[in-house]
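Chain lettering (A, B, C and D) follows the sequence in which the chains are written, and residue indices restart at 1 in each chain.
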Amino acid sequence: MLTYQDVLNDIYQKIEPILNEGKVADYIPALAQVNPEQFAMSITLFDGSSYHVGCSDEKFSIQSISKVFTFTKALSIYSTDLYKRVGKEPSGNPFNSLVQLEYESGIPRNPFINAGAIVVTDTLINNYKTLDATYSEVSNFIKEISDNKNIDFDENVCSSEIKHGHRNLALANLMKSFNNLDNNVDDVVKTYFKHCSITMSTKELSRAMLFLANHGTDPITNKKFITSSQTKRINSVMLTCGHYDASGDFAYHVGLPGKSGVGGGIVAVVPNVMSIAVFSPRLNSWGNSLAGTKALEIFTTKTNLSIF
Amino acid sequence: MLTYQDVLNDIYQKIEPILNEGKVADYIPALAQVNPEQFAMSITLFDGSSYHVGCSDEKFSIQSISKVFTFTKALSIYSTDLYKRVGKEPSGNPFNSLVQLEYESGIPRNPFINAGAIVVTDTLINNYKTLDATYSEVSNFIKEISDNKNIDFDENVCSSEIKHGHRNLALANLMKSFNNLDNNVDDVVKTYFKHCSITMSTKELSRAMLFLANHGTDPITNKKFITSSQTKRINSVMLTCGHYDASGDFAYHVGLPGKSGVGGGIVAVVPNVMSIAVFSPRLNSWGNSLAGTKALEIFTTKTNLSIF
Amino acid sequence: MLTYQDVLNDIYQKIEPILNEGKVADYIPALAQVNPEQFAMSITLFDGSSYHVGCSDEKFSIQSISKVFTFTKALSIYSTDLYKRVGKEPSGNPFNSLVQLEYESGIPRNPFINAGAIVVTDTLINNYKTLDATYSEVSNFIKEISDNKNIDFDENVCSSEIKHGHRNLALANLMKSFNNLDNNVDDVVKTYFKHCSITMSTKELSRAMLFLANHGTDPITNKKFITSSQTKRINSVMLTCGHYDASGDFAYHVGLPGKSGVGGGIVAVVPNVMSIAVFSPRLNSWGNSLAGTKALEIFTTKTNLSIF
Amino acid sequence: MLTYQDVLNDIYQKIEPILNEGKVADYIPALAQVNPEQFAMSITLFDGSSYHVGCSDEKFSIQSISKVFTFTKALSIYSTDLYKRVGKEPSGNPFNSLVQLEYESGIPRNPFINAGAIVVTDTLINNYKTLDATYSEVSNFIKEISDNKNIDFDENVCSSEIKHGHRNLALANLMKSFNNLDNNVDDVVKTYFKHCSITMSTKELSRAMLFLANHGTDPITNKKFITSSQTKRINSVMLTCGHYDASGDFAYHVGLPGKSGVGGGIVAVVPNVMSIAVFSPRLNSWGNSLAGTKALEIFTTKTNLSIF
């Protein structure tokens, strides 16, 4: 019988020939400089065992994967009150569209599009009062769930994001004009970018996601972070909204709740079984890691672990 | 320990007080005449045992639930070639929006919005050549999967749909203008309405859906209708697109692949475990059965059968 | 001093080198077969004198120019009640967009986009009862204003339009679904196409438009067709909406109330002075006669007859 | 025969009963505090004679009327190159819509919607280098065309605009993200607001607009500000785009090139004859002065000075 390590090794072999396909995110120079043909994949099981292939210790910019962590934190604080300010429906439009936001009076469709994550950040600032405290708490939360003190953000990426952040400032100002942003627009957007600039390896990310595969409780440390019900909710939002305008495609081909980032990372969970992280910087036309998506598709096909 | 029958009985008790909430579909007189406060729920297991509560023998108009059957049929014929003509992404807009169709050059977002099901019907007519043969084959397919010869459509509902079908004619003509409809517009739309007008009970519907819970093979008769891979695909499209603009909400609260119809029915599957059908005519603001959705939410909460 | 004939001759010279630019309408074969490099221009003065250059006796399909005549007729019947069913604002979108129609509940922006002209045709059928009577009355009206019995439509173009009329059927069905179409959808669209298929020469068209330059009364026959106030209204709608998504551009460069058709014709009026018609089949990217627009721009520059 | 003064007096009488209709702009407190039932109307003829009724010396916030002056200035500097960055078509959507801007890649439809005027301001900053110089030059230009040194802006209104300017910041950031804004977003928007906060009376405004009625040359001082051709262009853009989503309605009912501001002012020109300004703070549902629009409609009806 194949071990998980066999499966990962086999995936790596199949993926290697396509590592030169797709295009690294280049909207900011800091991201464009990454070595484009890297690949890593890690899985973590409930007994603490983990399996890795490729550069699984290489830290990369988690970007939109941070939205899972801030959404989790905000949901744990505000519970369903959060949905007064952000929806939970697929957007059906590219991830940073202002059109839908305008037609829907400044309420973003879900917490995984940029506008939604900016609102989520705003609610966290409301709770933690200062920008520094907000970043610290999000960062501490990630340290806790990944059982790892060694988590930081990349200042170079962060300031590059801020410098080129006009579309996000447009989204934030639009929401502010609809009274759906409580704090100073620039402050909220900068804090949002700081979360996006956190760097982690696939080893760390797969470890960090484990509680979402286990009803909100880390099966290794037994720490409970959120309720079982909230966990189901987060996973369902990842499944329907986790890959922007390709969420349906990801559900169709991979069949797991997951979230991607333009840095090339994707995280996913197999409820009751394991958590997964992949990394490969070149993106497909929807802005999701091309090799990463393919690797996950092969994984669920081989292991029959799709939730469908 | 609670039996499934206990769970269903308990759901009925909890649902009864809200059977007067919501609004019966009234866009055609034939649907508006239904007794509004009916409720039924049926589940069918792999061993052939089934559990029911309420008027589970009452036949009702399956409406958009027929889209699951026509999509399955077309996918079995055309495989992934089908996606040249219809997508598999959530629509993020009300179910009959022309806006998205126009912006996306006549390619509907998925097979579960009206435009998508009309295209699917067009592909079936291409395959079966005549309108009569197309309806017969769809009808025969439903008879097969439900192991029941007694399936028919409601002529009164069908002609009422045709009489008030201008919006669907608008969709179909728009797609025709984009060369995404091969047959005569009126013919395709009439055939589509005929499928929608099929009547079934929850007992029949839960039986009919069983193959989708078991990798495409009916676990009772052992007939294989589609491949395991196609089954996962259909289930994922049900999860992300099965409830129009409330698909995210359904995934969030119920956590099962499912499909609703304006006649008040909803079908759902628990992969590897069972299939479910509910019926209650009053609809919530998104056009899905209000009591039916609530019943399914209670069901997955009580049984912990959510896929998340 | 230059005579009008000198001006027209000079325009022809300037226009000749660009008669091979642009693209003949080819959405129906019947229009695509026209000799593409024809040019004609005619002006008619209040004293009955007229000046012509090019093939000014060549009859061509007036297409959307017919919208001026049906709008005039409907306005004379229904007065401002007409605006309950069609607006008078520029559309800011391509001429056959369903998007705006959907967002604005089936009320077309103005009588010069296709949807608006279809509604106008519907109001005329309401008034004249039969399809034949409606066409006859519109046709008789054109005969009266052009003082010419010799006006007919092109059956070949008309049936070709009907055969390829799916987008207009989509518009009409959408309006029907919003209860903004009283008669049978197919009947209304066919009658609309019949009006579009009328053929006239620039000589006839410039004669026909004269009453709109003279407060609603033909200055030659002294027949009063509409009130002075209605005339101003029609001219203002021609100026703001007469050239689809290039109406602003036409106002900017030509500075006259005018209306174009995809057959290559454009009509315009200089209030209190004259009426003009041009013809050249090749169209610019907005669907308006390329050489015709340029000819009118040269005309107003040379004669200083822009209303601005 | 009626004199112009008789006409103005008569208009005032007819307008008085409706001065309590409509709603003063209240999106910023500074504008909401204005005395709501004021009315003034001024006309200026080429010989320098002028006629006034109501509070024609009362200074009010010119708001979007400033867009005429900045557009004129930018057109005189950049000529048709300006149209690389801003269009000249009606917008067919509310004046501050982001939707169209997003679909059209950050190029505003015309210089009279907010986005367009922000781009125009950006081009002026490019030319004059500093914010102070830009405001000074615009202010000096208004002093010149109005032959009046006594023009200033209202600091209270300006800082109130900035404080509530999130929607304009959204527009500006969106254009910046499309590379259609060269200068710092905050700087451009602040300068734009400063222009909007200029205060003038109807007496001053009607004087200032006179050059646009006379081919670009002030008929009193004989100073030439722009070419005859540019003047026609500006007037045509005022006619097709000067009143946001009610431009067609204004053309229809008034029939003059004009521009309104939410401060309650409207300016208009009768080419070759005169310039006009009206003021009344209560607005109709499109954001244009209700009594002002009505006064202009009565004026063109009585004097037969509509350009149509």
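Observations on the model:
Throughout what follows, a contact is a pair of C-beta atoms (placed from the backbone, for glycine too) under 8 Å apart; a residue touches a chain by one contact, two chains touch by 3 or more.
Quantities reported herein were computed from a predicted structural model and do not represent experimental measurements.
Among the remaining chains, none touches chain A as well as chain B.
The greatest centre-to-centre gap from chain A, using C-alpha centroids, is found for C.
Centre-to-centre spacing of chain B and chain C amounts to 48 Å, using the average Cα coordinate of each chain. Averaged C-alpha coordinates give centres for chain A and chain C that are 55 Å from one another.
Residues of chain B in contact with two or more other chains: none.
Those residues of chain A that touch chain D in the complex are listed here as 97-99, 102-103, 166-167, 169-174, 176-177, 185. Of all residues in chain B, those touching chain A in their complex are 87-93, 100, 109-110, 229, 231-233, 235-237, 239-241, 245-249, 251-252, 255, 257, 271, 301, 306-308.
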